Each structure stands twice: as structure tokens, then as C-alpha cells.
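Note that chain A is present in both complexes that follow, paired respectively with chain B and with chain C.
For the complex of A and B:
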């Protein structure tokens, strides 16, 4: 009897592997790196980083070029949904991965750490995040999330010789594990309620977004399911570091290697926001009566906490952590606005891009201004940076200015568009809080700028080890800075988010 | 909406672009080609001034009422949000555009003296500031109006922090935080106008037309006006939001102080006259009484504080805060004559305060102190400096023959029609400013010579100090003797805008749509 090849044919056609070619390409590239290391151990510090960077750069360009080409939306059953937003976020994570590898190159060279594994894991995480933001099924969501998180545990404790890094990795493992557990428990509660045949609108697949939405439309007040939804959102809030799920930020940002901190601060946060948007505007939309006020309250305390806690910090990694919390708060305003204003989603995407450009600029400077111990990066190390190295100094000033939202830099446009969205959604109280937050934030951003730019005659500058950026890094940082300035002047560069 | 730009439109765009281009060239070449620094910077300040005078010449000839001339437009990628770079000048902005170019030229020339190693960076920042200042008054798009203001504000902070006098680090921080708050509040107000109008456009002309036909509800107008008033008020140092100004100006390097006190500070008043009052008449009417009280605080309380100052630069800082009170009083009356007077005073005060800061810096460098009681007897060594300073002080007091007189005079007339009591309060301000102004002259130039003045050879004004002083002085006298030079344009524009009676119409309909994420992805 001849085998029925039809089954394979259906399988191959139905699953449309081509639709996830970017993720597959990242996975292949990651594996290729490991293989190259085995085959050519002699070139592991020359050839392989080059392959990693070039490969990612090519992927980034191709992704950006095909940003409007959306694969048929319902490939892979209901596991993934392809959309323009998904493509935009693919570009975002590709850019993040590339930037982290660049910054990582500086850090790993200095600490004499193996590079291949680092690049490998960054690529795995990039692919994981791409899948994460496109998933429309809880199983897919959880698997992608764990791919990302577990790789991040490893990256956080990547510097095995540093106590701070190991401690941070351990803390991240425990707290991340807790948040995953909460998330999973929430999913289980929803699964149990939505699959309950006694309730109206019993879901055929109680883990798929579309079925859950139908269920919640009929059972918006089923308290077990609602608690499940709350737990799922709490798990996601851990990712975006919204208060009160922010406790991990300080220690882990400080202890993690600088490029990994950048990864956590930008890519991990962004993926959390897109997942959050997908959840509250997708399956949980019937629960808007809970989530709208809840997220608004979270936004208020997140903005206030992040900014106030940022003021007294002396360690710049912690400043970035606290400022990241504050930015999460501004973005939460966008999420709340997205309930009623369509344009808020574009505003969030725009904000994420400008936040990425500015943050990586600042983090790449941090990687060059570092003491022996990567976890101790104090404001005083920045004394007279602009004079000692005008290039690093100006990259830092532009990055911080953009984070602070100073025109004509891109960060200002991000805030402006976000505020317009919030205005259209009539979130006046949140806007007021955001303004207070922005004004407070000036004090720590400018405190940092002040330390780097204005000479202080009373204090002798502590000259920490200043690493002179290589030519590649100069190009990389120059591109980030130029983009930050030019997006502020000509927003058409990011027109694809609209 | 896409009118083809005229040649004059390109000239206007050019006037704004030239300083920016020069600053970029200067930052690229400054360190190597020392000889290029001064010509490049001079070009960056001089060309806009020439263009401004050419445009003003055409403008006066055309006399187009409240309409805008020299329009030009460019899309910067946010046209879907109604944001377009749209430039043009009307009767209110023309004099202020002229002011920016004149004061900019004076400050630029003054900044060129000396051979500091980092001189070119200072000039780069000053040129960026000049770009912003010219852009503020040329913007028809409200968003760019704000944008250019920040463009000019940021270099000020950096200049204070790097080249400022004592307490510069502290003053720069305080000013940054305070002015960011003001800018943020006014930004919120502007966004509120944008969203509430429902027009999806930041274009001032279409907003005016739209809101004239369908004014916003009273409460909405009041709320937005309150935001704008406090936001702009902080930026213009309205009492009690003024505390950043004296310390900031005392610490700022001279050219930065000239441009900030002379021109940039007028941003808030300009915003009130050009945007807030015409678009939100009911809101303005609601707050006019409160505004009068606060402005009286500026004039009387700050006036008294000014009298007690012994530090020359700080005294000038306070006096500039005080004089802003007059401008606010002119605006609060909401009459054609009062508002015209306010615009005229903005011009006159801009020129005179820039001249005062310039001369004060010349004095402090010569006497090696800013404390007036420690000065004295400078007249014998520097008669020309003394002459300029006396003239500038008299102008700032409001003596006839100087531009300030016409501004203050028309404001008092307008105020008398609105509230005679406040007019009396305002006029006492003249006495106060005469006291501190003349006392400063006496302390600095007359009396026994201080040790520094006695022992050193002190030169009178050098050429790079005299040129800017003459430029500013001529502007003061020209408008003072013949105010028609700018007052016709102002008057025409203001009578056109403010003739409309205050009316109230029902609440606007704000379309609220609920769409979810999937719509976005189509």
C-alpha cells in the first residue's frame, strides 16, 4: 500500500512555514554560529561576530523592506496572527538584537567573555519575541514567552566571574519564575472557565484569543475567569515593569551586563507592551470595564514612582531602570487611550521606536564609560565626559535629551503624539500626571547631562576607565544619534507606524 | 491648502535656514579654520536681518490687514496629524520677527569679541537659538510655533551651564526644570485647542476661521485658557511664576541673556496675543481680572523688589520681570489699543533690555564686580558707555522719544478704559522704575571712583561692543520718534482679529470612536 502523501501535503500547505521566515532565519543563523564555532574555533573572535552582525543587519534590511507584506493572517491554525503591527515589531526586534550585539561586542571584549553564545542567545530571544508579539493563542504565547525569559536568565548571569551578575540572574530567575507562574495560573483559570460547558459561549478552544473573546462577551462578570484575566495581565505587567510589578528592576538592571540591561530595558519592555495591547484589545476587550481604570491607575503610580525614584539615584544603570519604569507609565497611558482612540496604537509604536533609538545610544555610551566592575556605574564617572571624549559626550546628551523629551529630538515627538492620543481619549488626569512626571524626570536626566557636560570646579572629576570607541562603534552610535535627531525633525522616517 | 510659495516665502524660509546652516558649517569647520569663524557667524546673523528688513518693507507696502504674507509650506511626515511646517508673517508677528533679527544681530556681534578657544561652540549655540527665535514668530503652524521655541530654549540652558557666571550650574538646572514645566503646560493647552477644535489641524489660520465660526464652549475655553495662561505665564515670568528669571539672567552669559530676555521671553506674550486670545475669547474674558491682579503684582511687588537689588545683572533681571507686567496689563484689557500697545512694548522692551544686558556686561567686565555699591566713578573713564547706559535706562523707564514710551502709553490708555484703578497702579510702576534706574546710573557712573576703576586703565566701548549698542539704540530711537514704522502693521492686524465680539455657542461635538487593534492592522 502506498503511503498517503496527501497528509504531508496538507500539513505543509496549511502551516505555511514561509510566513515565519524571519523567525526561522534567526534560528538558523543562531545555530549556524554554534556550528561555525565548532568548525573554525580559531576564528571565534573574528569571523563569527562578523557573521552574526552582518547576518542580522541583512535580516533587518530585508524585514524593513518587506514591512507591508503580510502573510495570510490565519496561518498555523490560530496560533499566530500576522499583521502590519507584527511586521513593524519584527523590524523593531531585529534592530534591538543588532544593537545589543554591537554593545555586547564592546562589553564582551573587555570582560574577555565568550561571544558566540551571547550572540546565539540574543538571536534566539529576538526570534522568540517576534513570535511572542504575533501569537494569538495562550499556548503559543507561553512557549514564546518562556523561550525569551529563559534565555534572558542566562544572559543576565552571563558574566560568571561577577557576583553582581550572578546575583541578578538568580533574582531574575526567581521573580521571573513567579511571574510566569502567575501568568500560567491565569491562563488555566480562563481555560477552565471558558471550557466549562455549563456556561454560555463555551469555547471550542479555550486557549485561543478569538474563542476567549466570545466567551468573555457573554460572561464579562464571571469572577473566576476575570481573576484569570487579571493574573495574565499581571504576568505581562512584570515584563513591562509597571508598578507594583517593578521590584526586580533596580537590582537586575544594575547587576546584569550592560548590553543585557539594554535588552531588558528596550526589547523586553516593548514585547510586553505589544502583548498587553493584543490582550486588552483582543480577548479581554469585553473586560474593558476593569482594565481601563486598572491600567489608568497603574499608569499613574508607575509614572510617579519611576520619576520620583529616579531622582536620588547615583548609579546610572538604576537611573535607566527608573526612567524605564517612567516610560512604561507613559506608554500605559497610550494603552488606556487605545481603548477609544485608534491612533494610540501608532503612537505607542512610534514611542517604542524613538525610545529604542535613544536608549541604545545611552547604553552604548555606558558600555564605554565603565569601571572594572560593570555593576558600579556612578554619575561621578561621567565628570567632564564631553571634554574628554566629545563624541561619547554628544551621543549621551542627544540620547538623554531624547529620553527627557526635549525638542527637536525624537523623544519629544514620541511624547507629543502619545499626548495627542491621550487628549483625544479625554484622559486629562493621566495627562496631568504625565506632565508632572516629565518635569520631575528633567532633574535626573539633566543631572546626568550636567555631570557629563558642565564642569564642576569644586569636585575633581573621577576619571574612570574610558574606552575609546572603535570605528564600527562610532558608526553605530553615530547612526543612532543621527536617527534620533532626524526623526525629531522629519518624522516621515518612521511613517511606517502610521 | 497648498498655496504655491512666493519668492518672498522662500526668503522667509531662507532667513530661518541661514543661521542653522551657518551653525552646522561652523561646528564642522570651527576647530580647524579659525579665520572662518567670525565671517560665518556674521553671515548667520546678518543675512536674516537683511531679509527681515526686506520683508518688512514689502509688508508695509502691501498692508494686508490680518492676513498672512510670505507663506510657504513643507510636509515633514506628520501631515496625517495635521502638522505641517507652515511659515508666514502677519502684522503681529512682523515686528517681532524684526525684533528677533535685530537683537540676534546685536547679540551675535557682541559674542564675537575675544579669542576664547571654544568661541565657535558658543556661536554655534547662539546661531541655533537665532534659528529658533526667527522660526517662532514666522510659524503659522501652532506645533512649529512651540517647536521653534524649544529649539531656542535648549541652547540657552547649555550656554548658561557652560559659560555662565556664578551659580551657573544651579541656575541652569532651575531654569530648565521651571521652563520645562511652563512649556509642558502650554503644550498641553495647544494640544487641547487642537483636539477640541475637532479640525485635526495645527494650522493657525484654519483654526481661527473654524473657531470663529464655531467657538468652543465657555468651560472648555476657560480650562484651555487657564492652561495656556499658566504655561505661557511661567515662560514670560508672570508673577508669581517669575523666580527663575532674575537668577537665570544673572548667571547667563551676556549674549544668551540678551536673546532670552529680549526675544525668547516674548514667546509667551506672543502666544497669548496671537493664539490664546483670538481662539479663546470667552476664556480670556473669564481670566482677565485675575490676570490684571497678577500683572499688578509684577509691576508693584517686583518693582519694589527690584529697588532693593544691589547686583546689577540681577536688578536687570527683576526689572525685565516687572516690565512684563505692563504687557500683561495691555493684554488683559482685551481692547484693540491695549493689545497693540502690548505688542509695541514687546518690541521696545526687547530692544531696550537687550541693550541694558549688553551694557551691564560691559560694565561688570570693567569694574570686575556686579555689585553696584562697589562701583562708582566710571563716567570719567568711559563717557560713551555712560551715555548709552543712561539712554537705555531712560528708555526702560519709558521716557518719550524712546519706543517704550509708546508701548506703555497706549497700554495705559487702553487700561484706563478697562479699569482706571489698575491704570493708576500701573503708572506708579513708572515712578518705581525711575527710582531704580536712575539710582543705578548714579551708583555706577558717578560718585567716588572705586579702587578698581581708580587703579586700572579702563577702555571705553570697543568696536565690537559699540556696534551692537548702536544697532539697538538706533532701533529704539527710530521707533520712538516714528512709531508708525511698526504700529500700522500691528494696529491693522489687531483690529482685524479683535473686532469680533465675544460670543458663546454650544459645546462642540467631539467624535468619539471605539475601534480595536485589528482595525489598525488592515
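For the complex of A and C:
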């Protein structure tokens, strides 16, 4: 039998790989780092981290410059759908990856942990998240999600000399595995129902978003498929830490190395939200009758739980965790609003960017205020921070103020735009709950600010180590803070979101 | 005839699957898992999905169970002590079981379950060639991404388990045990 060369042509023409050049570039860079480490072990701590950071910075700039260039929609068949939103999220994850690598580089150097592998994993996660938010096919979604989650398990337990980190990694593994199983089971139920030839609107490919949507339009009350959709959304809700699925947050945020906590809090949550938006506004849109009230209820309990649980916390990482839950609640309001108001999607994107700026500001300060074990940092360890190191103190105050939504800062504008979208969607009850939540949240954010500005004279001074940030770190933190302030005054800086 | 074989293997699958968490000795549990996997493979054969059956035997009954057994032997797990769940969790479990069986029962009795007629066997669904064709055309990207997933897991395992460098300060070594 003569070889059939035509088959190679088919393979080559099946996909247009240039459409995912950012993801390919991230993957290549990640592999390059490992190769460099093997070939030049002498430069492990000098040159290679710089290659990683420079490469990511260049990619970030190029991505931001080409944000309006959208690849042809059928470049990957039904697997991926390219859009401006996808490009914006690419920029978002590129920025997150760069920030995490940068804070992580400083942190790991101090802890004397290997850095190259950390950079490698962060880059793989960034690429995975980029694919995740653009995928419109359950197989692509699941593979990208698992790549991200498995790398995150490893990053959480990265600081393996610390018991807390290992414990957090193990807990995340178990709970993440459970959530993946729920998600997968939901997909299987949908696959089984949508592929059933006896039902109207049988899908040709019961895993592709477009076909599933056609199926749901004709079978909006098919129990099995609806349960499947609910399970898929539950799996995604685990990612965004909405309340019945938030159990993992406290321990894992506390135990994970600080840069990884930042990554979990910002990038992982953002990817979850974009996936959720893609699902409820895409294949599950005919099920809006069930998802709209459901997500609204989730938003209410998430906001209330996150804020009330945050009030009593003393551990700073747990405070960030609870505040993260509360922010997920505000964003869920945006998702509910997105059913009827188009602007809500932009509001969510804007909020995510603002949240990223403020969170990385706070987390970079947390990486510099540390004790032997940074999982037990309490509020009192921040006593007199503003006096001891005015720079770190003011970065912290601005970041926390933005998270709390104090008017001149970016966080206020983010909340305002989100709430305007909710107002247009006539979600008055949700709006009321959100405002109550914001008021409660002031208590713990300002508790932290108070701890950083004053020192409780009754408490003995704690011997926490204050690491003085390097000059480039100062520039990095300064840029974050300046952006937080200036976006609050002039939102046009983030105009590419809208 | 085929029906009888199906019921035999289905019963075997479910029974051995139940015995996995029930058995006290973890090695016995792993063995029951093999039985469950093999009888699932037999079900695949009955469905004419030969390739899937072969994969099931190779990957699950072969590789994964060997991994399980290795870990059980490495950890040297003794006979597990009897752990009685508390009264509250027993009641909660019973309640959950009732609700679940009620839901599933009502789903099937009310006829809201999806219709499931006999399907025509699609030609060549069991041939490796078709899987390969899909894998290298339509699903090429997920295939490659899963390669990255495996690479990252490999790196992670090495990172988490290799000997700690001497330069790590001794105060941290307490967590190593």
C-alpha cells in the first residue's frame, strides 16, 4: 500500500495555529526556560529569571498593542472562539503572570527555592487560562482547566519546606479534584442528552457550545440536561469561590506562598468569571430562567458571607481570602446583570483589571512583611508599617482603599460602573445587599489600615521582619499604586476594555 | 444471550465497585477495583467499542492499579482502624440517600428521563484509526495542551520529592518529615 500523503495535508490544514500565537509563545518560552536551566545551570539564579521576566514583559506589550486584532473565528473549528474580550483577557493574564513571576522571584530568592520551575509553571498557567477563557468546546475547556488546576496544586504546595504550604496543596488537590469531577459529570450528562437522537435539536457535536445552545433552546426543561448544566456551573463556581463552593478559600489562601495566593485570588478567579459568563450567556442562555435567580441568590449569600466572615479575621491572608469571596459576590451581580444589560460585561472586565491592580499592590506588600512562616501573619504584625517604611505603608493603604472602594481610587469606579450596570438591569435588591456588603467590608479593610498606621500600645511589638524592597520592586509597586490612583481619576487609561 | 452477559458484567461492576470503599484492607480494595475495571471493559466489548476496552485494560487495570498498589506498599498501610461515623453524620447520610433516591426515582417514574431506544452501531467507532484521526485533526490542540499538563505534573513531582538542597536553612526542615 502506497503511503497516503494527503493525510498530512489534512492534519496541517485542520487548524490555523497562528491564531493562538500568544499561547504558543508562552508555551515555547516556558520550555525554553527549562532547556536553559539544563544547558546553563550556572546562570540558574541570574540570567534565566531575567529571560523569563523580559520575555513576559515583551509578550505583554505586544499583546496590548495588538488587542484589536482578532483572528478569524473558525481558525480552530469549534474549539476556540476569538474575540476582543478574549484578547483583553490575554492581556490580563499576561499582566498577572508577569506580576506573579516578579513578586515570586523576590519571594523565592528569599526562601531559597528554585525559581525557574516556578516561572515555567506560571507561564503554562497563563497560557492555559488564555485558552480557557476562549474555549467554546467542553473538551478544550476541560483540558485547559485541568492544566491550570494541576499546575496550581503544585504552585500552592511549592514552598515544600513549610507544613502549611504542603497542607494547603493537599487540601486544594482533594477539593479541586472534587470540583473537576462535578464539572466533568455535568458535561457527560449534557453530552448524553444533547447527543440523544430521539430528542429535538440533537447536536451534531454535543460538546460544542453552539450545538448545545441549539439543543437547550428546544429542550429547556429536560431534567437530565439541566442537572448537567447546573453541575457544570457548580464546578465553575468552585473556581470563583462563590459561597457554597468557597470552603477551600481560607486554608489554601493562608497556606500557599504569598505570590501564589495572589495568583489564585486574581487570575484564577478572573478566568472562572469569564468562563461563567461564556457559559451562561452562551450554551446555557436558554436556561436563563433557572440561572438568573440562582446566580442572584449565590451573589447575595456570597457577598454577605465574604464580608461578615472577613470582619473577625486577624490573619491577613484570610482577610484577603474573605475579601476575595466578597468581590466574587459583587462580580456575580455583574453576571446576573449581563443577562439583560450589555454593558455589564465591560463592567466586569473593568472591575477585574481594577481588582488586579489593587490586589497585586497589597500582595506585594505582604511579600515584604514576613515572619519565618508567612502563613501566620496577623494584623498586629503590620503595626507602624507606615512609620517604619512609608513606601510600603502607602502602597498598602492605597491598595486596601481601592479594594474597599474609597472614592478617589480605582476600586470605587469599578464598583460604581458595576452597580450602574446592575441598576440598569433593575436588580435593586442585589444592589442593596451589595451596598450593605461594602459598608461591612470597610470594617476589616480599615482595621488593617489602622493596624498599619498606628500601633496598639497594649500589644507587645512583634518581631516581624520587614524586607526592604529593591529599587525595581519599588518601581513595580509604584506603578501599581499610581495606576490605582489614576484609573480612579481618569478611567480612559483602561479605555481598551470598553 | 447478550443480555444475560450484560447483566452479569453490570452486576459484577457494581458489586466490586461497592466493595472498594467497603473493604478494610486497602490491597483488597485495589483488587476489587481491578475487577470493576475489567468488567467495565467487558461492557465496552459488548458495545463493540473494542479500542476503548483495550485502553481500559491497559491504562486503568494495568497502569493505574499498579500505581495504587505501589503507593499502598510504599506507605505500608496497616489494617485501618474502625472509624464509626458520628450519629449526626449517619443521619445526614441517610437523609441524603433518601433525597437522592427519591429524586432519581421520580425522574424515572414520571417519564421525564431521556428516551433511550436502541441505537444503530456507528461503523468503525471501535477502531483506533478513527480515534487517531480525530486526535490529530480536530482535537490536536487539546491533545498538545494535555502534553503540557503532563510535563507540568512531572516537573511538580520532581520538585516536591527531590532531596532538599543543603542551602535551605535548617529552621525550615521541621516541615520535611
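Simple rule for what comes next: the second predicted complex is superposed on the first by the 476 of 498 C-alpha atoms of A that agree within 3 Å, B and C clash if a C-alpha of one lies under 4 Å from a C-alpha of the other, contacts with A are read in each partner's own complex, and residues count from 1 in each chain.
One rule holds for everything that comes next: a residue touches a chain if its C-beta (ideal position, glycine included) is under 8 Å from a C-beta of that chain, and two chains touch if they have at least 3 such contacts.
No experiment lies behind these values; they were computed from the predicted model shown.
When the shared chain is aligned, chain C comes close enough to touch A:131, but chain B does not. Once the two complexes are laid over each other on the shared chain, residue contacts for A:431 go to chain B alone; chain C is not touched.
Once chain A of one complex is fitted onto chain A of the other, the partner contacts of A:40 are absent, as it touches neither chain B nor chain C. Touch criterion met: A:146 reaches chain C, while chain B stays clear of it.
Within the superposed three-chain model, A:289 lies out of touch with both chain B and chain C [touch as defined at top]. Once chain A of one complex is fitted onto chain A of the other, the partner contacts of A:163 are limited to chain C, with no touch recorded for chain B.
Once the two complexes are laid over each other on the shared chain, residue contacts for A:76 go to chain C alone; chain B is not touched.
Overlap of the chain B and chain C interfaces on chain A: none, as no residue is touched by both.
Those residues of chain C whose C-beta lies close enough to touch chain A in the complex are 107, 112-117, 119, 136-142, 145-146, 148-149, 151-153, 155-156, 159-160, 164-165, 167-169, 171-176. Chain A contributes residues 70, 83-86, 277-278, 281-282, 285, 338-342, 345-346, 401, 406-408, 412-413, 416-417, 419-420, 423-424, 426, 431, 435, 438-439, 442-443, 446-447, 450, 453-456, 489-495, 498 to its touches with chain B in the complex. Interface of chain A with chain C (complex): residues 10-11, 14-15, 20, 27, 30, 34, 76-77, 79-80, 112, 114, 117, 120-121, 124, 127-128, 131, 139-140, 143-144, 146-147, 150-151, 153-154, 157-158, 160-163, 166, 192-193, 196-199, 222-225, 372.
Put simply, chain B touches chain A in their complex at residues 75-78, 80-81, 143, 146-147, 150-151, 154, 157-158, 161-162, 168-169, 172-173, 176-177, 180-181, 184-185, 187-188, 191-192, 194-195, 510, 512-521.
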